[in-house]
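Naming follows writing order (A, B, C and D), and every chain is counted from residue 1.
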């Protein structure tokens, strides 16, 4: 993640009209490694002491790519020190920490200090276009959302044990890691006013032990997760339902975040493995020419695309990060609140917690508090 | 359905090596309509009295396309009269009736009388090939199945009320109508020995009233259904999970039965809107050339395909019925038990009932009796 | 071909509103084989004497699937005997014969006798829709057509020698066999008023000898052919160009007739291996939602489709023949001229001849007579 | 192009293990514009005097993105000054200039000075993989290549006149601009030893005048071009044929460089609009599982991909340039000859010249000198 964020910071100013940014200090745990990385990735300095860096006057922005367990501590300290903060998703490993972060962000905002959580897929041009089309009413009332995120890097039963496969270090498995993206997308695409009202969930671990350095160790997180979510508000009419399925053992799926949104007047589909494309079905087209439009989202009229290359020259995954930095810098410059906020990150985690709670209770639906607005 | 079955009976003998069959009598409720249909569809006679037809000596086979509420009565009578019986899916509208039919089929089988339920998609060449590949171990242990069946003929909120939208006549909505196909496919693809051990379900009606002849009437069946199913046995290793999602309001999906099967060594995907294609990912291919193979299932080596046209000359939907008749006739001729049996049809209905029961209990998982073998 | 035509004759009346037809006599060369085929394919009688059959009063229509070398003789005789005639493509093996057939058809037409050449792909619903859209001006002025027809049944260098690979029996190779379809489609899609004004061609044989019963024999026809064609008239503005590429050794292509039409306001693409789909790009869509629409051509509004199954239930290759018979019967009943006429078949052959002539002259462009109207 | 090259220079060191590079001077014609660009794109200095820059001791490498008419002069001077030179394609606007550049490059090489022409698509991972597979014999003998490059930025007849549409400034239209890429790919994919032996060509201008600042002006270059090329040597057996079609008016095609290679044992297809994918058909797969493998070329085993992101995280168009710079720097460091060389660039131009010559002679085939080895 540090590599991808560095890439974004390195390039954003060459493509977008944003305030100039210096890449001042790269912070890491291992002196030697962080020194090498800083040189390679183009940072002026390096450090192993994040507290010292936060204390510096010449630092305005802190971008947190550390493991989730450290997010809350660093973010709260940085905001208190008056730094704008971008934190990688998920916001934190626990709801308590997330709530503390939201409180800190809220206090900071009153002093003009900005914060943002890094659900970078909001900045994929095709998904940004999808949100626009839904907001414009092109889909009418949204009824069904199908969101899946399938990967296969754990499909091999001999893939080794790691911290990501232990509940105590990772919190959860596919659920927290990738269902979080899927759920944030549902929020993002439906837009302001929509919310998840209830959740039913299921978790499963297909490979329950894996080789560690000294023999097999138990895997204590899920390999895959399933949920249905009740949706209300926003473009949702008399109630909509989202299904979510995520897996890290779906052999042949590499980075397949797939989203389908079915509405009363139109529908959309998307696949992250073909991230430059959005498919639109518009029931307003004449009966004999209705069909799924494969839109290559590289035109000047498309979100972000006009600043890059000519039409048809496709973008890569990493520019979801470049666009995220762009939007963060613009919000700071304009003095507006960046999106998604820490509160948005907390909302995603409340949904994940409800899924987990339901899964522990054999799938029975769990209501989310009415206050859990998206 | 009568039209599609007639098409199959009309053509099966020209394509496959089966015993000669005469299309003797078409039975219907309305004298005038059934007379016209018999002429157009190529039946020698017509009748409005199924009991009289069943009593005839020159009738060997009865193919039941009547509404589900009539299946049990006709099938039981026909079997008792010594006729081989093919009955359209779903087997019946109630579990009680289905059980009676299974009992009748079992008794008849002892006298050499054959019976079969019409889950015609088992005879789509690509799906028959999929089953073969799974049985051959090409996928290793099956872990996840994703099955969805999406249509949109009820997407328009102004589509009129009909008997299919009333619980008393149709039993259920998308669940019984199309989830039955999806669930039968899961059984079919996993093969002998596999079974559904539990189910969690959810149902939703998006358009809760529709225009009838004298004003709006309440819709009392589901527009869409969701389920997760626990799977055991057969190619399933330490437990597999299937997700099922069906809808009749998924705008832009016309007849999209989509099935994905992820295993430890390979994976498969299929879409009924492109029914001549099966996609296979084989983890045994070399690392740099692994990919999803789009197999055009029209080669002489493929199920059913060799009897038709040269390779690459694609088949249509209706030939799932032609192949079904072919296999039924061959089983009768050989004196073997056709598949899927009435018992297979009952198994599907038990799963549907469990989904409905779970949905009524806010999604809590329902265990299927150990006896519910696929 | 006899099998596919028989299939069409067997089914047309069950699907379409056409005059009743009896399948009276199947004619073939080998008594035993034709007897078996007649039984299997559902013909009342069989014969080995086509002249005797043509002389019968109870025969109204003659459908000629014999090898190309026999087309002219049978067709001219049948027309003289007052029979309506459908002849498989290509019209004949020589231009002289084709001209004689056109003359016979013209004379017969004055007596109300109808004739038609079997370019069955004109009746694929997606291609019929494509023609409609072009005629409606949805593409504006047509500029470029890309037509290819790729197969691979000769890709294996060990595939055996046959009559199709000898110039004296087959006339030409891929050129006459499949480029004829591609060129007829260009005519069909552009519609009345358009014509091919010149042609440049190239032929190549990749495998120049193949195993015969007594050792290797020379292949004397082309494995593949390339052409560019100048187009004028109809929807063509200031001149359009078509490129054509056909091959029987394109490994992995099974029956891939692919057509792309680029116009000033819209474009279309089609692939016979996915024959239920037509892709439309409409420059009239708003800039941010322009894209290729994948139209599933199975709606009631689509050509032929409404008479078959519900939307989304796809058709197979053979129904291009069923639709052809339907249109032929309707034309006979209505007393109108069926299309494509023998003259249309002759036009295709003149283009093929120009391609061959150009290929023999190192590709230099050959002008087609101004009279060669499509 | 300057923006894309700058992007590559900015990022190459963060991703690949290459010698450190400073981005010293950006040269342009307009003082104000080049100053702004240098700041935005991350160059230390700017200049409007390329001769002065070339004379500097602290400059080691010159990357020429100037218009084609300036390539020869700058490149020859830079090589003479002992600078390594990368020049954008096409090598030059005339064969004479190209030959002078090849001579200069050859002389420089003896002094260890390196030169390279920027056919960046050689560095798309999927195409690099394709070349590897062909070199490994996975396709057997190559028989047919289909290469097209379709764009639509001139489809609108009202798109304005520009220097690119005048023969005196642009040399040619789609032919030089994009057919050059297609032809270089043919060379690249077939590899050492293969060559183009002859060419037949056709050019067409669909919109022959366009609005200029003071009224309509004549367009004097081609909108589209077609060619067939005879191929010999390398993986070509008894002769192969390539077809080439390029257009800038193919409505709906945005940047569609599509390449299909058909061999005796396997085939490949590629589309630049989905540049992370390569499709492989392998006749060695078992008969019932043969199909087109869609390979997502983002695995560690794939060319270039391992240095980027995890599998499934797709790359964008611009990294063909990043990879090009990487390979150029590695060649300089290793003292090896970069590829493609100026001689390779000249070979492409000889083929283009032959196509043009043939087009002027109504398509008659033009032989390329035996010496024109790829």
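Going forward, a residue touches a chain if its C-beta (ideal position, glycine included) is under 8 Å from a C-beta of that chain, and two chains touch if they have at least 3 such contacts.
Not measured: the values here are computed from a predicted model.
Trainee: Which chain's C-alpha centroid is most distant from that of chain A?
Mentor: For chain A, the chain whose C-alpha mean is farthest off is C.
Trainee: Given the pairs B-D, A-B or A-D, which one repeats the contacts seen at A-C for over half of the pairs?
Mentor: Duplicate interface of A-C: B-D.
Trainee: Using CA atoms for the superposition, what rotation angle relates chain A to chain D, in steps of 5 degrees?
Mentor: 180
Trainee: How big is the gap, in whole Å, between where the Cα atoms of chain B centre and where those of chain C centre?
Mentor: Here chain B and chain C have centroids separated by 37 Å.
Trainee: Could you grab the centroid distance between chain C and chain D? Build each centroid from C-alpha atoms only and quote it in angstrom.
Mentor: 40
Trainee: Counting in whole Å, what is the centre-to-centre distance of chain B and chain D, each centre being its mean C-alpha position?
Mentor: 53
Trainee: Touching two or more other chains, which residues of chain C qualify?
Mentor: 253, 290, 292, 296, in rising order.
Trainee: Quick one: in the complex, what on chain C touches chain A?
Mentor: Going by the criterion above, the answer is residues 129, 132-133, 138, 278-280, 282, 285, 287-296, 299, 301-302.
Trainee: Within their complex, state which residues of chain D touch chain C.
Mentor: Its residues touching chain C are 143-144, 146, 148, 150, 155, 157, 200, 202, 204, 206, 208, 224, 226, 228, 237-241, 243, 245, 247, 249-253, 262-267, 281, 283, 290, 292, 358, 361-365.
Trainee: Okay, in this complex, where on chain C does chain B touch?
Mentor: By the definition above, chain C touches chain B via 3-4, 6-7, 10-11, 13-14, 40-42, 151, 153, 253-256, 272-276, 296, 298, 309-319.
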